[in-house]
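Shared chain: subunit A. Partners: subunit B in the first complex, subunit C in the second.
Moving on to the complex of A and B:
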């Protein structure tokens, strides 16, 4: 191959396609530059930064939505639009100039550094939807103030671009770049409440912990690249089989041990981002010190991106060979242990908390544990050898179900946690406190506050996993996957038992917040709380999906979409 | 494997000996005459002023951070410059000698000399595309960098003491507020 051919291929083939797929990220980048320019030229008073950020995110969101619908409705193949949905998709596709050769063809882009498929699109869509909602929340709560707006939204959008890179990563270096790009702005966002001692402390702890985790992760990546001789994710499995020379996977094999060491070090980086035990120490402090809006953003967005990345990284080791199966079972059991620890410690530590944000931080640790169960089950099920007694179609179906459960959980979790953190942020503006005691008798205040209490009730019940809320079905799906995986490996029974017990335990501390709101008497000296009606409307809007995703046709819609996306991963 | 371990042990032993030996020799040979001047903290030959554990201006950190950011970004220019330079050299159409072209191709693609053949050597047109695309890339990169720089400048992060600059701005009469200037002129005769 001559240089001429390489350059022609890049400029005429890869680059236009890559830019078409990458357009939403580029729009976000343009929005960041625009934020800075607008402040320099017009000042913050004439054009507030939040509107620029909101506009940029909305345009990017519609872009990803158009891409997703373009693939989902098979417009790229058939080119005919029959139903209203397909017509909308066709109109969006033409607005964003989507082509069958570009967005329509699934596969790697930017010389295979990034991956374009339904799985990536689903997560990019969820992330952008979430960022739109978070920006709307910051407009309503007034953090950041007008003067700091450009800085804050630059960090927020920068972090989002990093997450979108991370969910599409198809190369070990891109994994590191994505993780770092989403972490570094979030360190600054945690310390954004300048002058608050707690906030600075939280940011420092987060930064130091993050730097350590990133170092370990990078070392792990270099070990993997060193032993397998490639950075590309799709090639890892094949190279590992070659390196093993037909030997069995075990603790006496040097190549296997080195690779497992490398993968474990990479998992340290993931565990830090997912705040899994024993890498969770930063989480309660960071959430307590940061503004509730930032806490909400970190707890959902960076977790969703990390889970997508984790699934993609671990699925790189799928394949029918016996060595790969040994590796997957080993990792699956390891993740199951971490999941058990995270759930139990998160739930137990949440009992004694008096600060709502700390309580929610421990709750996110526990939920990361629940979601990790799906990954653990996935590793046990994927490409299980025929000797286990499962047919190929059964394995395919159950693998897709495990990923589907994780995606459904994340979608519901997005709304549950956003509602919980939004209520905390709004009540902070009204009562100037984030203690559970300050919520006493809030249900007796004005109608908008009553609505807040109701939304909190839905979020908390959904977090516990009570029907008919979305959290119930999310938990059900993951538990079912683990149950099927228990058929293949006994350790999954233990995981299932621990998870079941934890779900029951977790009820108590969520109920403490609700008890304060609904049952405890109102303190006499408190002034009347006047939550604005607009804020109440916003909360009602984001709390509604929690209910709809549990008890309406939307539930099966999301399940079907998640299943469609998950199945594309295992073709 | 054993050979490698032996080398490692050998390197550690030799390294430790080479450091420790002069220290031990020095310990036995050197005279022991301590004076207050000898025990004092060494500060470039000057008498010390005081402890180095003092508070100093926070602005040092801000300026240092900004310096590092722009410094690191400029580092990215170096790999670009080598490629861009090679491509521009090759894009010269008057360079007709195949031997020179092959040599330059090897340099640009980082292969050992003599790898490129008449088929694989980079033609002037290809080099031209490469150079143009590279130039467009660096323009975008540098443009974003400049926006960041302008933003930092307009925010006043480059002013050494921000509070004093703000005071000076308030004290000086604003240039835009011409009506008030006229008023003061009219008021003066009274």
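Moving on to the complex of A and C:
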């Protein structure tokens, strides 16, 4: 493709549609510019940066919500709204001037560099919801202070834009740009408490590991691009089949070995972002050194975006050909091994921790392992050859179920981790400590601490996967997917057994925190903990979904939505 | 003048990559580690440009390498700022001395 063709293509049709789809990201970019200008013109005292950031993300959130509902409810076709939610969505859609040719038509935009579909929209929606909640938390806990606010929110929103680009990536170059755009601001965010020794050490470790992993990933991408002769994700599978010239997939074929090497190098970059063993070393240090708010943001947002990107990247190699099946099974088993290691190491290391943030970091590593199980099962199931005895509709249904499980898990994980890190942040402001011992007997002090302890209890029981909380159903779905995948490959039985044993074992260290809060006696001298009503309301508000997503009609609503989105991925 | 084949460029790229990884693994100085990262990124860049000249990648490879150059500059700026902040707090940029967080 020549430059002239690209420019012609942009002007003659792609651009108006692309701008319409890309509007929420542009709003975030405008908010970033506004953040910097407001400080210059009015100063930070008259207009605090947090309100500008909150307003920008809320507007962007409504924009993505309108886009998602526009596609989901077929508003683009019928134009009729039945329920109050659809009514609201229809209003928003007309406010944002959504058109059937623009947001209504699924497919690549910006010359196919980015992908616009339900899967992308689901993750953009979740990410923006999460960022709104994180900004609300930072307003309540007062990190960052008023002077540093514009810098912090600029980094936060910049990182979010990167994540939103990453979940829509449809090109190898966009994968790298997305990963880097979400990483670089987060390095600075980890080191945001400049004067603290721990914070600067955490940032240095994070940036050194991160830059190294990004370099290895880029080299892998260059190998894939070179051997397949394309950067476009949808073309990768077809080019691979052509390059193989009908030979079988194996260690004696040069093209296959080079491609697997390239993919493994790219997976190093992913494993770093997802904090999977053996690329997890940065995670506990970064979380301990950074503020709890930043830790919460990194543990959920960058992980969700990376998982979406990972699914998209690996599904680029789907197709009925035998060589592609060989590649997928190889990768599926490789990811299963990494998932087993991450779960086991994360849970074992968490057992000996005394710092709550560090414990949560290891729990994050373990949970990345659980979620990776869904990706591994997906690779085994999707486009399995007919010789395995599965019908086409069965394969379609079960692949969608695997993606659905991952999406449901991430949605619940958003709330449980946010609650856990919020409680840590709020208690840090009161007790100046993040050690488990400092939580001794908190539940007995006053109603506010009772609420905090109860929220922590819900978050931790859900993290273990106990019914009736959301975490139980999330785990159940992923385990079911792996069980079906075990029908196709025996290694999935091992994965299932390891995951089951880990779930039981993880109960022990979560209970240690809860034991400190609920059972251990209160220390003699402790200053009274005062929690403003607003903070209590916030905690109650974000803890409630953990319960609702497990034991209310919302559970089936989210499952249906996730299922609808997952099915569109395999159309 | 003799034409250099694709293998020559890929060899240079691989050499840069290996040098970069060795540099990242063995250097104790924080700035040295960052120099290793630059070598790795530029090794990939040589690959991209070579594949666009000899393979079917076309202009895409050139564009990719230009984006990577810009990104490498941005990443280096942030990394150097963090290294400076580490120096201010610890009076050293020896990465082995970053050992207070552990467990």
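Keep in mind that, in the parts below, the second predicted complex is superposed on the first by the 559 of 571 C-alpha atoms of A that agree within 3 Å, B and C clash if a C-alpha of one lies under 4 Å from a C-alpha of the other, contacts with A are read in each partner's own complex, and residues count from 1 in each chain.
Throughout what follows, a residue touches a chain if its C-beta (ideal position, glycine included) is under 8 Å from a C-beta of that chain, and two chains touch if they have at least 3 such contacts.
Values in this document were obtained by computation on a predicted structure and should not be read as measured data.
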Requested in this report: Return first, second, both or neither, reflecting whether A:215 touches subunit B, subunit C, both chains, or no partner chain.
Outcome: second
Report task. Quick one: classify A:11 as touching subunit B (first), subunit C (second), both or neither. Result -> first
Report task. Check the residue A:296 against both partner chains and state whether it touches subunit B (first), subunit C (second), both, or neither. Result -> neither
Query raised in the report: Where does A:353 make contact in the superposed view: on subunit B (first), on subunit C (second), on both, or on neither?
Result: second
Query raised in the report: When the two structures are overlaid on chain A, which partner does A:188 contact: first (subunit B), second (subunit C), both, or neither?
Result: second
Requested in this report: Return first, second, both or neither, reflecting whether A:36 touches subunit B, subunit C, both chains, or no partner chain.
Outcome: first
**Report entry** Touching partner for A:226 - first (subunit B), second (subunit C), both, neither
**Finding:** second
Query raised in the report: Between subunit B (first) and subunit C (second), which, if any, makes contact with A:24: first, second, both or neither?
Result: neither
**Report entry** Partner chain in contact with A:405 - subunit B first, subunit C second, else both or neither
**Finding:** neither
Query raised in the report: Which chain makes contact with more of the residues of subunit A, subunit B or else subunit C?
Result: C
Query raised in the report: What residues on subunit A does subunit C touch that subunit B touches too?
Result: 2-3
Query raised in the report: Can you list the subunit B residues touching subunit A in their complex?
Result: 105, 109, 119-120, 122-123, 126, 129-130, 133, 144, 147-148, 150-151, 154
Report summary line: Touching subunit C in the complex, subunit A uses residues 1-3, 172-173, 176-177, 180, 184, 187-188, 191, 194-198, 200-205, 207-208, 211-212, 214-216, 218-219, 221-223, 225-226, 229-231, 284-285, 288-289, 352-355, 358
Report summary line: Residue positions on subunit C within touch of subunit A in the complex are 10, 13, 17, 20-21, 24, 30, 33-34, 36-37, 40-41, 43-45, 47-48, 50-51, 55-61, 63-64, 67-68, 71, 74-75, 78-79, 81-83, 85-86, 88-90, 95, 98, 100-103
Query - Touching residues on subunit A, where the partner in the complex is subunit B - result: 2-4, 7, 11, 33, 36-37, 39-40, 150
